[in-house]
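Presented sequentially are two complexes of chain A, the first with chain B as partner and the second with chain C.
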Partner chain A sequence: MAHRVPPQPHEWITRDRKVRFSFEGEPVAAYPGDTITSALLASDHTLLGRSFKYHRPRGILSAANHDSNVLLQTATRTNVRADVEMPLDGEAYTAVNTHGGLKRDWGQLLEALSPVLPVGFYYKAFFRPRWLFPLWERLIRRASGLGWVSTDFPPTRQATHRVYVDCLVIGGGAAGLAAASALLDHGLTVIVIDENARLGGRLHYSRSEAEASRDWLATTLSRLESAAEAELWTQSVAVGWYSDHEVPVVRADGIHLVTARAIIVATGVIETPAVFRNNDLPGVMLASAAQRLVRRYGVAPFEDGIVLAGNASAYEAAIDLKRDGLRITTILDLDLPTTRGDRAVEAEAEGIRVVGPIKHLEARGSRGQLSSVTYNVNGSAHELACDGLLMSVGWAPAGQLLHQARVRFTYDPQLEQVLPSEFPAGIAAAGRVNGRFGLAARIADGEAAGAKILLYFKQVATVVAPPVASIPQSHSRPWFPHPKGKNFVDFDEDIQLHDFSVAYREGFDNVELMKRYTTNGMGPSQGKHSNLNAARILAELQGRSLAEVGSTTARPFYHPVTMGALAGRRLRPRWDSALNGEHTRAGAEWMDAGLWCRPKFYRGGSDAESRLAEYRAVRERLGIIDVSTLGKFEVIGPDAGQLLALCYTSAVDKAAIGMTRYVLMCDQRGIIVDDGVAARIGEQRFYVTAGSSHAQATYRTLTQVAALCRLNVEVVDITRQLAAINIAGPRVRGLLGAVTSQNLSDTSFPFLGVRDAELCGVPVRMMRVGFVGEVGYEIHLPYTQAVHVWRSLMALGAADAILPFGVETQRQLRLEKGHLIVAQDTDGVTHPFETPLAGLVNFKKPHFLGRAALEMLREAPARSVVGFETDYSALDLPIEECHLVVDGSSILGRVTSVGYSPSLGRTIGLAVVTHDFAIGAQRIAIRLTNGALVNARIVPTAFYDPGNTRQQDAA
Partner chain B sequence: MKQFRCPILGLRPAQEFICAGSAIEGLLQADSAAARSGVYFGDATARVKREWWYHRPSQLWFLIERDTASDEVMAIELAQPVEDAHGA
Partner chain C sequence: MKVSPLLDAYSPAEFVYGERAGMQIALARSAPITAHAGLADLSALRKWMLFGSGVPTLLSKNFALPALFSRAVGAGSWVARVGAGRYLLSEDTQRVGEIEEPAMRDVTVLTQSWVEFAIFGAMTTEILSELCTTNLAQYPMNAWIPTLLADSEVAIYRCPATQHHRVVCAPAEGLYLFSTIAGLAKELGGELLGFDDYCKTNVL
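On to the complex of A and B.
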C-alpha cells in the first residue's frame, strides 16, 4: 500500500501543519507543499481517476504534469491537474468523467463493448441510418469531454503582462541553471523559468545526483538569486514560441508574454511508458514518478516495487529508490542485463535481483490495483507479486518549443533520440533535450549554451560543448503484443497497440494520418508520453527507421491553457461623441457602432410611438441628429483633387468650389467599401466625410494612395476633433436663419452646397445634404462647441416642437429616399453596377481604385438591388431584413432593408436579387421566418419625393 | 510576436501594424488586363516581397521588404518620407 515515509533530506513539504480537503467526498489531510496526488497517495488512495474511453481505473503515472487521467473537478474549476497542483484548504475535489462516482463508475461497462469499438469506429458508425444521428450525437456528447465548466464562475480577469529580457532560459534544471549562471556579469538580463515549485529539476528527485550536486546547486542558486539582472520564476510554464522569441509563460496570475532577444531551451526529457497488457493499472507508473513522490513529498507509492528496465538509467533509479528506503525487489530488463555493464552488478550488490531479457510481460490486478506481473525469461513463465511496477524504458525530448522555433532535429541512432541539429540565430539548447545525460555533461552543456548566447550578443566567450551521451538512453522497442490487448500506448485516449496495426492496414500509414485516425496524442497530454512510442510502432509497421517516419508537429500551446488566462483583461477603446450627455438626458436607447455608441432612438412612449414621433418631426417640422461619428478628413495640397479622383469612382476633382459630391469608394476588386461626401472648399482643399465604421480604413486608403503616387497632398484625420449635427425638416431654414448670418436661400446656398459660416456665434462648416429627404444641413463644428450649439438649436426649435432622432429613424427616412447604406444594402461582393449607383463610376479617368475590375464587372453584373413595396401596415409587418427572395425552391436573393413608410402608407424595402431575374420582373416572393410566402411589387427605389421637390425654396 | 525595427519609431510589435500586402500597386498599372490579373491571380508564392504595413498608433505607412517564407525582414522604410508629406 501507498504511505507516507519518514522525513526526507530535502523534501518540499512542511510537516508541522495540515491542509484538509475532500476527495470524492472522503476527508483527506495534506501537508503544505503536497500536491493533491501526493496527499492522496499518502493516505493510500491509489485509484485517482478513470480513463477517457473505457473508464478503466487509473492512478499516478508521471507526477510531472502529464497525468491526464487524474484531472479533478471543483465547484468552480475543472480539469485541475492533481499531480502538480497543491490542494486548497477546505476544497472539495472529485474525479472528472465518472458516472456515479470514481469507485463505482458504471462507465466501466463500456469496456465490455471494446471489441466492437475498434479504432476509428466513430468514423464508420453513426452516420447510417441518417435519422438516428441526432440520437447518437446526444449520446456521444454526453460520453465525451472530461470535466464540466461552471458558468457560475466569479468573473475575475487576469491581465496579460508584457516582459522584455535579453535571455530567457526555459527549464531550471542543472543545464538551465548552469546556462543562466554563465550569462551573469555580462550586462545581460536573464529570466529562468521552471514549471516546478522549486528550481533544480532532477537534482531534487534523483538521490545520486542530489548528493553529487548539493554544493553546486546551493552555490549556483544563491548566485542567481542575488544577481540583480536575473529573475527566477517557478511554477511558470512556457507554452509556445512565436516570432522574434516571444514566449507566453503561464503563471498563477495570468499570461506573461516574454519577448527575449535570445532563448536557451533546457526543457529536459519526458519519461515514456512501456506498452504491455494492463500497463495502466494503478500501481504501474514511471520510475521518475516514484522518485518525485518519495523525495519531494515523502510518499512511498507502493509497498513492493519492481523496476522495468529498458536502459541504464533504470538501474540508477532502482538503486536510488532503494537507498531512499523503498522496497525494490527486482529489476526486469527488456534486454540482457549484462549489456548494462557495472549497473547490473551494482544493483545486485544493493540486494536487487536482476532478470532479463524478459518476454510476454503482463500486469495483473485485483480490485483495480496492481497485484502481480507475469513474464517469460529463457522460455519459462514467472509471476511476481508486487503493488508497484516502475517503468524506465526511455525518454522523449521535450523539444516542442525548439520545433516551433524552427530548430531542425536529426535522429541519433546511437542515443535512440532525436537531437536538435540546426539552430536559427539567438537560440540554444542544453541538457538532456540536447542529448547530454550525465550530471557533469548537463552542467557543461548549460555553460556551453550560455557561451553560445554570449557570442550571439557579440561578447567574448569560448564554447566547450561536452560530447553527446554515448549509450542509448531509450529502448527502441518497449512494447509487448498481447492477443487480448489492453496494452495502452496513449493513456489519454485509451489507444492500444493493435489499434495502430488496424489503422496502418486501413491505409492511415503516415504519422500525421495515423495520429488523426487513432487520435493518439490528441488528449490533454498532447502525446507527451505517447508520441514517441507511436512513432516507433509506426516505424516498425512501415519497416523504416524512426528518422524516416518523422514526428507530428507540436503546435502552440505546448500545454493546456485556461480560457481565463487567455482572455486577458479586456481593454476596448470607446469613442464618445461630445453630445452623449445630451442624448442620455433625452432618453437615448443606445446601440454600438464600431468604437462609438449612438442613440438608436429616444424613448418617449412605446418604442413604435417614439420612432413615429421622431419620423413625423423630420417630415413635418424639425428633427436633429448627432452625426459626429462620421469620418472627417481635410485633404489639402496641389494634388488634393487628384488624390480623391484616384480613391473615389467619380470625377471628384471636377467639383466646383463651394459644392459637394456624393462619392463612392471601391476596393481593387471593384467592391463598394465606403461612401461619403467630398466638399470642395478651395482649389487645393477638400473636406471629406466617410462612413462611421469605415473611417479609419478610408484614411488608410487615402494616405496609402498618396504615398504610392508620391502626391503633394496632406490628409488630416479630424474625425474626433470635430462634432457634426444634421438638422432637417420643412422649418429648418426659419430656425437656422435666426442664428446665422449665412444667406440660406437656394441661390446663395444651393442644394449640395458647402459654406463656412458662423452659427450661434461658433465658426462652423455647413453642407446642404438630402440624406433624409427634407431640406437639411450638416453642421460640422469644434468638438468643444457642440453642446452649446445643440442646446441653442433645441431651445430655439422648441417652438416648432423639434425632436432629436436616432439611427433607426434616420434609416427609415433614407429608405424612403432609396439611399443605400454601405454594408447593409451592400455586402462583401456588391459592386456599383449591381446598384442604382452605377452612374458614379467614371471610366474617363485612366486610374482609380477598382477600375480594372469594374471594367469587367460592368459587362455582366450578377445581381441587382431593387425596390419593392407591399400593402402591409406598420402593425402587421412580417418582413424582416435577410428574409429570402425565392422562386419556388431556388433562392433569388434577400431583403436588405425594409420598413413601413408612414408618408406612403405602405411597406417599402430594398432587396438584392439575381440580375437576370431583376430584368423586367414585376413582383418578388419573400419567404418569411415561418416559411410563408408574401408577394411584393417591384418599384423604383426612390420611393418618396422622387423629383426632390422638397429641396427647393419654399414657394 | 514579430517586431519591426522602424526607422523613426524604434522597435514596435507587429500587432500595432496592419499588413496590406502590395495589391495597391496595381492602381497605377496602365494595362487593365494585367491589373485585373494582379487582383484575381495575385502572386502567393513565399519569397522576398515588398509589402505595405500601416502602423495604427502613428497612422504611418511603411514599406517592408520581407521574406514571407522565413519571416525575415530585410528592409523597412517610411512609404512617404516625412518631408514629402509636408510638401518640401
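On to the complex of A and C.
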C-alpha cells in the first residue's frame, strides 16, 4: 500500500498547506511541490492508467518522464505528464485511453482478444470480408491515440525566445554542475538546464550520494547562483540539437531557442526495466522511481518491497531505501550475488535477504495490483508476497542529443555501453552518459568537460578525464521468456518479448525495420526505457553482438512538445498596398495574393452585377485598378541593357529611350517563368516590372546573373516601396490631361511609351501599356503619396462615373484580349513555342537564359494554347478552369482561363491542348464536372478588338 | 502631401497628427508619456539611395565613408553602405526636412519611401529575442544589420543609448511589422510615442 512517510531531509514538498484536486472523480490532497503521481500514490492510488493496446492496468514505472504510464486528461488539456507536473488546485484529472473510467474501462476486453491482436495485426487482418473493412477501420481509428483534444480548449500561445550563450550545459547533476563551475571566471556566459524542479539530479534521490555530496553540492550551487555570467534553468528540457549548436529548450513560458558556441551534454542515463511476465503490474517499478518518490516527495510506493538486481547499483538502491525507512525484504539477483562484491554482505547486514541467481521470474497480481513474485533458484520454485518490485538491472545512456549533434559512439565491451568517442568541435560530454558512474568520477569528468570547452575557446586549461567505469553497469540479458507472454519490453506500445521474434521471423531483422514493424520506441517516451533491451533482444535473435546491431536514429524531439509551444506567437506577415484603406471604404471583396491582399471586385450589388458594372466602366468610360503588387526594379549601370538581354528572351537592350517592351523570362529549361515590362529610362537605366507572384524570384535571377557575369550594374528592388495604379478606358486621356503637365498625344506619348512626369503634383512614372484592351496608363509612384493621387483621380473621374475594378474584372478584360497570365495559362513545362508569345524569342542574341533549350523546343512543341468560344451558358454549371478537353476517352488538354464576355455575348476562354490536335482543329469538346460535354469553336486568341485600335486610339 | 505608412497604427483619439518634412505623421500623445519605453514612427525622415562613381566624393563632405554594412553618422544625418556601391542616405531627428536632396554628376539618386521606427526601453531585449533571428549584440555599434524581424525583411541599427534600436523596412510591410511589435510592446508595458514625443524625450 502506498503512503506518505515522515518528512525527508531536503524533500521537495512543503507540508504546511494542501493542493486539492480530483482524479477519476475522487478527491485527492497534495502538498505544494508534489507531482500529480506522487500525490496520487500518497493517497494510495496505485492504479494510474491503462496501457495503449490491451488496456492493462498500469502504475508508475520511472516516475521520471521516461515512460507514459501516467498520462492524464483535463477539460482543457490533454496528455498531462503526471510524473513531472504539479497538480493544479481545483483541477479534475482523468486517465487517458479509457472507456467508462479507469477502474471499469471496458477496453480491458481487448486483452482477451490479444491472441488475434499481435504486433502488426493491422497489416494482416480484417481485410475479409472486404465490405466489413470500413467498419474495422473506424473502430481501429477510434481506439487509437491516447488523450483527446477539443476545439473548445482555450488556445494557448507561447512566445519563442532566442537566447545566445557561450556554453550551454545540458543536465544539472554532478557532472553538469561541475562542468559549469569549471567555466566560471573565464569571461564566458553559461546556462545550465535541467528538466527537474531542482538541480542536483541523482544527488537528491540517492541517499548515499546525497550524504557524500552535501557540502560539494551546496558550495557549487552557491557559486553558480551568485555568478553574474551563469543562468540556471530548472524544469527546462532540451528537446533537440540543430546545426550551429541551436538547441530548443522547452520551459513553462514557451520555447527558448538557445544558440550556443559550445555545448556540454551531461544528461546521464535512463534506468531500463527487466522483461518478465506481468512486469507491468502496478507495484512493479524501477528502483530509481522509488528513490525519487521517497526522497523528493516523502512517498513510499509500497509496504513490502523486493529489489530485482542486475547490477551493483541495485544493492545501493536497496540499502538506501532501507535506510530511508522503507521495508525492503529481499534482493533477487539475476546473477550470483557474490559477483557484487561487498554489496551483498552490506545488504544482508541491513537485514535484506539476498537470493540468486534467479530463473523464471514472474509477477503475480490480485485485482490488478502486484501481490507476489515467483522465481526459481537452484532448481526450486519460490513465491514471495510483496506489493513493490523494484527493478534495477541496467542503464541506457541518454545520448540522444549527442547522436543528433553527430557525435560518434563506440561500444565499450568492458562497460557494455556505447560511449561517445568522436566529437565535432564545440561539444563535450560528461558523467554517466560518458561512462563515468561513481560520484567522484562524475565530478572529475564534468571538470574535464569544462576544461575541454575552455581549450576550444582557446583559453588555458588542462583536461584530466577520469577513466571510464571498469565494470558493466547493466545486465546483458534482463529478460525471461514465458509461453503466455505479457512480458513487456516497450510499455508505451504494449510490445512483448515474443513480438520481436515474430518481427525477426517475418524478415524485419534490422534494427530500423524491427522498430517500424513492432513500433518499439515509437510511443510517447520514444524508446527511452525500451530501446536498449530491444537492441539486446535483436542481437540475441541475430546471434550478433550489441555493437554489431547498432541502434535506431535519435531524432528530435527528445520529449513531446505541445503544439502551442511550437506555434509560438502567431505571426502572419503581410504586405499592404498603400491603397488598402481606399479599397475597404469602396466595398472591396478581398482575396489573398501571396502576402498581399487584393480586391476581387467591389461590392455594388450581387457578385455578377458588381463585376459587370466594373467591366462596363472600363470598356465604356473609366476604370482604375491598384496594381501595386507588381514587381518593380531599377536596373542602373553601364551593363544594364546587357543584363536584361541575358535574362529575357527579347532584345531589351535595343529598346529606345522612352519606350517599353513586353518581356518574357524563361529558365534554363526554356520554360516560361515570368513576364513583365522593361522601360528604358536612360542610356544606362531601365525600369522593369515583373509578375506579382514571381517578383522575388525574378529579382534573384537578375542579381544572380549580374554577379555571375560580373556585370557593372545595380539592381534595386523597389517592389514594396512604390505603389502602382492602372487607369484605363475611352475617357482616360481627358481625365489625366487635367492633372498632368505631360503631353498625352500619340506623338508625344505613343503606345508603349514611358515618361517621368508629375501627376496631381506628385512625381510619377507613367507607362502607356495595356492589359485590358483600352487606352490605359500604368502609373508608378511613391508609396506615401499614392492615397493622394488615387483620391484625386477618383474625385476628378466622378464626372465620368469612374469605378475601381478588381482582379476578377481585370482577368476577364485581359482574357478578351487573349493575354496570357503566367502560371495560370502556362504551367511548369510551358515554353514560348506553345503559346502566342513565340515571337518574343530572339535567337539573334547569342546568349540568354534558356536559349539552348529553346532551340530544341521550337522544333517540336508538344502542346499549343488555343482560344475558344462557345454559346454555352449555364450559370449553375459553368465551364471552369481545369475542365478537361477531351476526344472520346482521350484527354487532349485542359481549360486554363474561361469567362463570359459581355462585349461579345458569349463564353470565351483559353485552353492548352496537344500540338498535333491543335493543327487544323476547329472544335474542341470540354467535359464539365458532371461529365457533360460542351462543344466549343477554336478561334484566334485576340477575341476583342483584334486590331488593337482601341488601345492605340489616336485621340 | 505624403502620408506615413504607419499612420493607421496610431489612434486619432490618442494622438495629434501633423506634418513633418512634408509627411503626415503622428506627432504626439494626447495623454502624458508614462513608460519611456516603446515605439515611435520616424518615417518622416527622408532617405535617398545613391549609386555611382561620384558617391564617395559626394559623401566625403559630411561623412567618413562607411564600410560595407556599416553606418557613418554626420551632422543630423547618417549614411549606410547597403551594397558594394550602394549607399542609403538619411536624415536624422536633429535636422528633419532640412537636408538638401543630393545631386552631383556621376551620382544616381533614387528618392526612396522607407518606413523607419524606433524601439527603445527595457522591453527591447525581450521583443527582439522573440522576433529577431539575429544576435544583434555580436555586431559593432555602427553596424547596419539586414535581418528578419517578425518574419519581415528589415535592417536594424543600434543607437548609442542602451536598449535602443532603429528599424528600417519597406512601406508595404511596415504597418504589419509595426503593429505586431506595438502589440508585444504593450503587453510588456511599453507605449507608442509620436514623432515629436520621440525627438523631445531623453531616450536618445
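In this section, the second predicted complex is superposed on the first by the 909 of 955 C-alpha atoms of A that agree within 3 Å, B and C clash if a C-alpha of one lies under 4 Å from a C-alpha of the other, contacts with A are read in each partner's own complex, and residues count from 1 in each chain.
Everything below uses one rule, namely that a contact is a pair of C-beta atoms (placed from the backbone, for glycine too) under 8 Å apart; a residue touches a chain by one contact, two chains touch by 3 or more.
As the structure is a prediction and not an experimental result, all values here were calculated from the model.
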- Tell me which partner A:709 touches in the superposition: chain B (first), chain C (second), both or neither. first
- Return first, second, both or neither, reflecting whether A:259 touches chain B, chain C, both chains, or no partner chain. both
- Message: So in the superposed three-chain picture, is A:186 touching just chain B, just chain C, both, or none of them (first/second/both/neither)?
- Response: neither
- Item | chain B versus chain C as contact partner of A:327, first or second or both or neither | neither
- Query: Once the shared chain is lined up, is A:787 touching chain B (first), chain C (second), both, or neither of them?
  - Reply: second
- Once the structures are superposed on A, label A:856 by its partner contacts, choosing first (chain B), second (chain C), both or neither. first
- Task: Give one of first, second, both or neither to describe whether A:669 is in contact with chain B, with chain C, with both, or with none.
- Result: first
- Task: For chain A, give the residues common to its interface with chain B and its interface with chain C.
- Result: 259, 637, 714
- Message: Going by the contact rule set out above, which residues of chain C touch chain A in the complex?
- Response: 1-5, 8, 23, 43, 49, 51, 83, 85-86, 108, 110-114, 126, 129-133, 135, 137-138, 150-152, 170-176, 180, 184
- Query: Which positions of chain A touch chain B when the two form their complex?
  - Reply: 242-244, 246, 257, 259, 637-638, 646, 668-669, 699-700, 703-710, 712, 714, 717, 846-849, 851-853, 855-856
- Query: In the complex formed with chain C, which residues of chain A make contact?
  - Reply: 159-164, 259, 569, 571-578, 581, 595-596, 628, 634, 636-637, 685, 714, 716, 718-722, 763, 782-785, 787-788
- Query: Can you list the residues on chain B that touch chain A in the complex?
  - Reply: 1-3, 13-14, 18, 20, 23-30, 32-33, 35-36, 38-40, 52, 54, 59, 61, 71, 79-80, 84-87
